[in-house]
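Consider the two complexes below, in which chain A is the common component and chain B and chain C are the respective partners.
Then we have the complex of A and B:
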């Protein structure tokens, strides 16, 4: 806040002069960066492709409708695979993420100097790589199929579930833990009766939320060969079979909306 | 007094989550059946797995000795493309999100505008980035421009929704006070609403910048440019040491942007 003295009296201003100059330079820097980035991005762009984009879009739309409904017969099995990838991947992630979360939480970790950084590193590494990239790697290592998809979903979910769960563990009420300990409970019993009941609602919410996201992500994992309905999507896009692509989009959208509804219902029932 | 009334229970058992016993066992049985059927559906090719094991070890070896040098030109070009895509898409996405977000706030927008903006947000949110990328690549051709359009489109759904919710949550008294001075619609927007939502808008934009970089590493797989395309090529050539180098760079950049945007958000909010 600054007050400037003018001939007719003081004028209130939000920023001092150096502050407003710094702000102005900040915006200038952003504009400069934007121009540079735009130049770098469009250096190799063939603009002829862009100018006829409206025509291309109209053409694409014309090819995409009506959807080829009869193709649905071939989609039921991939759809079931997709749901399996998401569900089994989430279960595998729970099995792996729960111990990691307990090792990462400040109040339950056995050693804050040695074990906690390792657990945090696992969480960070898992979170920074998208499920699709994990799938890309796993398909190269394990070969295409459901297994690569399940493990990819699990690897990505460890970070998500682990991070939210260890934050929940750090926020528990210590008095309840103390009370259970005061009855003479051992460490395992303290965990079972003092800590677990407190994080159960958060745990249910987190896993359901992640399952919902995983359904969404597993629909496209097939693009890199990791099974599910994405395989059919890739085959249809590569074969320029746009009516089939439309049908697959409709199926994916319906599945995503249904899974969102299911997880909202289950969450409401549990919490 | 009878004998039974003085005998207190010596043991306590936790009440089960689902009190109806039959329903509980039905759910357990259902889960078990699903697990058997679901895991049974996973066809594991053990021969392929043992083959892959050796490749997996080579890949892990790549992480120990990542090769930044032999494909450095491709990696650099991919990273620059990704960063450029991220920045431009975030800036343009935010610029478009602001009017859409204002339009999608129930307390200031008239009903037809509200419905139109909410429909746009719902469309953008329900389509995954990679699917949008497929469509844009089909329209404008391969390259980072398709990625830019994808990320900008995805930014609208995210940012406009959160901005609209923030505008709906503002303190109405301040708006009323500005209106009482005789301010017009634009002045109310500028002095009554903008000042209340700006810190959060800046925070959300930085958060989205972060997300956009992560996504930019992915949409290259379907041809929308960026470092994802470089990664895909490296894996197709079985150059695991280059792929490991790219992954390490992605992780480092994600960590740096996350840290920086967290720091700036902490200062602004």
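Then we have the complex of A and C:
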């Protein structure tokens, strides 16, 4: 804020002159960054490929339709696997993430200097690695299959659920907690009566949202051998069986829409 | 019964909230604690059940020195002190019954409370209390479905469910309308009389304090500046507690004050906030 005294009274402007100049330079730097990044990005681009992209796309699309509906017989089992990977992975993540969230929240952690940083580190580490990369590692360790997929989904989800849940815990109304403590309740009872009821809506929303995301993520885990419908997708792409690829896309799209619908209904019922 | 001896609280920010407070409250006495915002009223009652840790001084409940108790001893002692809060502090997403039974948490094991299986005597007593505060038909409603006055009644019932010996009451009427405020204050007085409970009631409404309290303690900047009957609250005393203000003009607090203007109803309700 800049208020300047003038002969006829104070003048108000939002920014002082140095602030305005700093802001202008900020925008200039952003534009320069964009130009440089664009230059670096397109340096190795072979433009001939880009120019005939519409032709290529039309050609591919021509080979993709109509979908090979009969291939559906072979998709039911992988589809069921995919849903199971997402659901079991989410459940496993809940079991692991809830304690981590309570250890990470400033108002429930037993030790802000030692335990909290460790819990936060677990959350950050989990969030920084994509489920596909977790799966890649786990397939190497556990061998290909559903188990690697479930654990990969769980490992990625711990950070997501843990972070959102600990933020919800930090935002609770402390007076309700104080009131329960004032009755002579022990720490576990304070948790059960004072804190848990307050975070239940957030908890339900977060886990359902994550389950929804996990359905989508588990469709690609098969690409690296961690089970589910991604395996069929990879096989079909490698075999240039484009009509099968189309069918898989349709199946994935339908599943995601259904999971979206289910989670919306459950969320409405719980909150 | 409750005895404070040189109670001092200095917050970590350096603010001296209470300095050398000494006070004795016999069984069955209902004491109003009045004073301006920031005088240390809330801090004082929170020091008694040690939701706020006193910096120095001692507090006795009968022969038990509260300020020396360990964690377990403190939890047991808290069962004997029921607390009622300014904005009810009910657990909003639990039912009225669960809120009431949470007053029994100090008496039941964690597992019984987790599966909500309370002793039949506790549940019977909870129903009796609900009936006493007039909320029988709301037992299974969620607390956030009740009105302000109803919530405060649940708050009172929760405190009574503890079978306490003393009530610590923090601004019970601060978020209620004048009529409901008076009903709540009357209920508090009645339940204290029925059970022979002592109470410390933080209250900023001088007129309510005068009407419903047996004894008034005036707090200013963390020190007691008045201790006596409600009748002793003269304009001079109120000035001592709250600072300079034309006390006579706003109420019937002075015998030399002007008589009520015609056409303006002279009910306490209309002069709620001083």
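Structure notes:
Heads up, the rule we're going with is that the second predicted complex is superposed on the first by the 237 of 271 C-alpha atoms of A that agree within 3 Å, B and C clash if a C-alpha of one lies under 4 Å from a C-alpha of the other, contacts with A are read in each partner's own complex, and residues count from 1 in each chain.
Heads up, the rule we're going with is that contacts are C-beta pairs under 8 Å (C-beta built on N, C-alpha and C of every residue); 3 or more make two chains touch, one makes a residue touch a chain.
Predicted, not measured: the structure shown is a model, and the values here were computed from it.
When the shared chain is aligned, chain B comes close enough to touch A:33, but chain C does not. Of the two partner chains, neither chain B nor chain C is touched by A:98. Once the two complexes are laid over each other on the shared chain, residue contacts for A:249 go to chain B alone; chain C is not touched. Shared-chain residue A:123: touches no atom of chain B or chain C.
Applying the stated contact rule after C-alpha superposition, one finds that A:181 touches chain C and leaves chain B untouched.
Counting the residues of chain A that each partner touches, chain B and chain C differ, and the larger count belongs to B.
By the document's definition of touching, of the two partners only chain B reaches A:219; chain C does not. Shared-chain residue A:194: touches chain C; no touch with chain B.
Note: no residue of chain A belongs to the chain B contact set and to the chain C contact set alike, using the contact criterion stated above. Residues of chain A touching chain C in their complex: 173, 175-176, 178-186, 188-189, 192-194, 197-198, 200-201.
By the touch criterion stated above, chain A contacts chain B in their complex at residues 30, 33-34, 36-38, 40-42, 44-46, 49-50, 53, 56-57, 60, 80-81, 84, 87-88, 91, 124-125, 128-130, 132-133, 136-137, 140-143, 145-147, 150, 216-217, 219-220, 223-224, 237, 249, 252-253, 256-257, 270.
Contact residues of chain C toward chain A in the complex are 49, 51, 75-79, 81-83, 85, 87, 89-94, 98, 102-107, 110, 113-114, 155, 158, 162, 168.
Residues 17, 34-35, 38-39, 41-45, 48-49, 51-52, 55-56, 59, 80-81, 83-85, 87-88, 91, 126-128, 130-131, 134-135, 138-141, 143-145, 148, 214-215, 217-218, 221-222, 225, 228, 231-232, 235, 238, 240, 243, 247, 250-251, 254-255 of chain B are the ones that touch chain A when the two sit in their complex.
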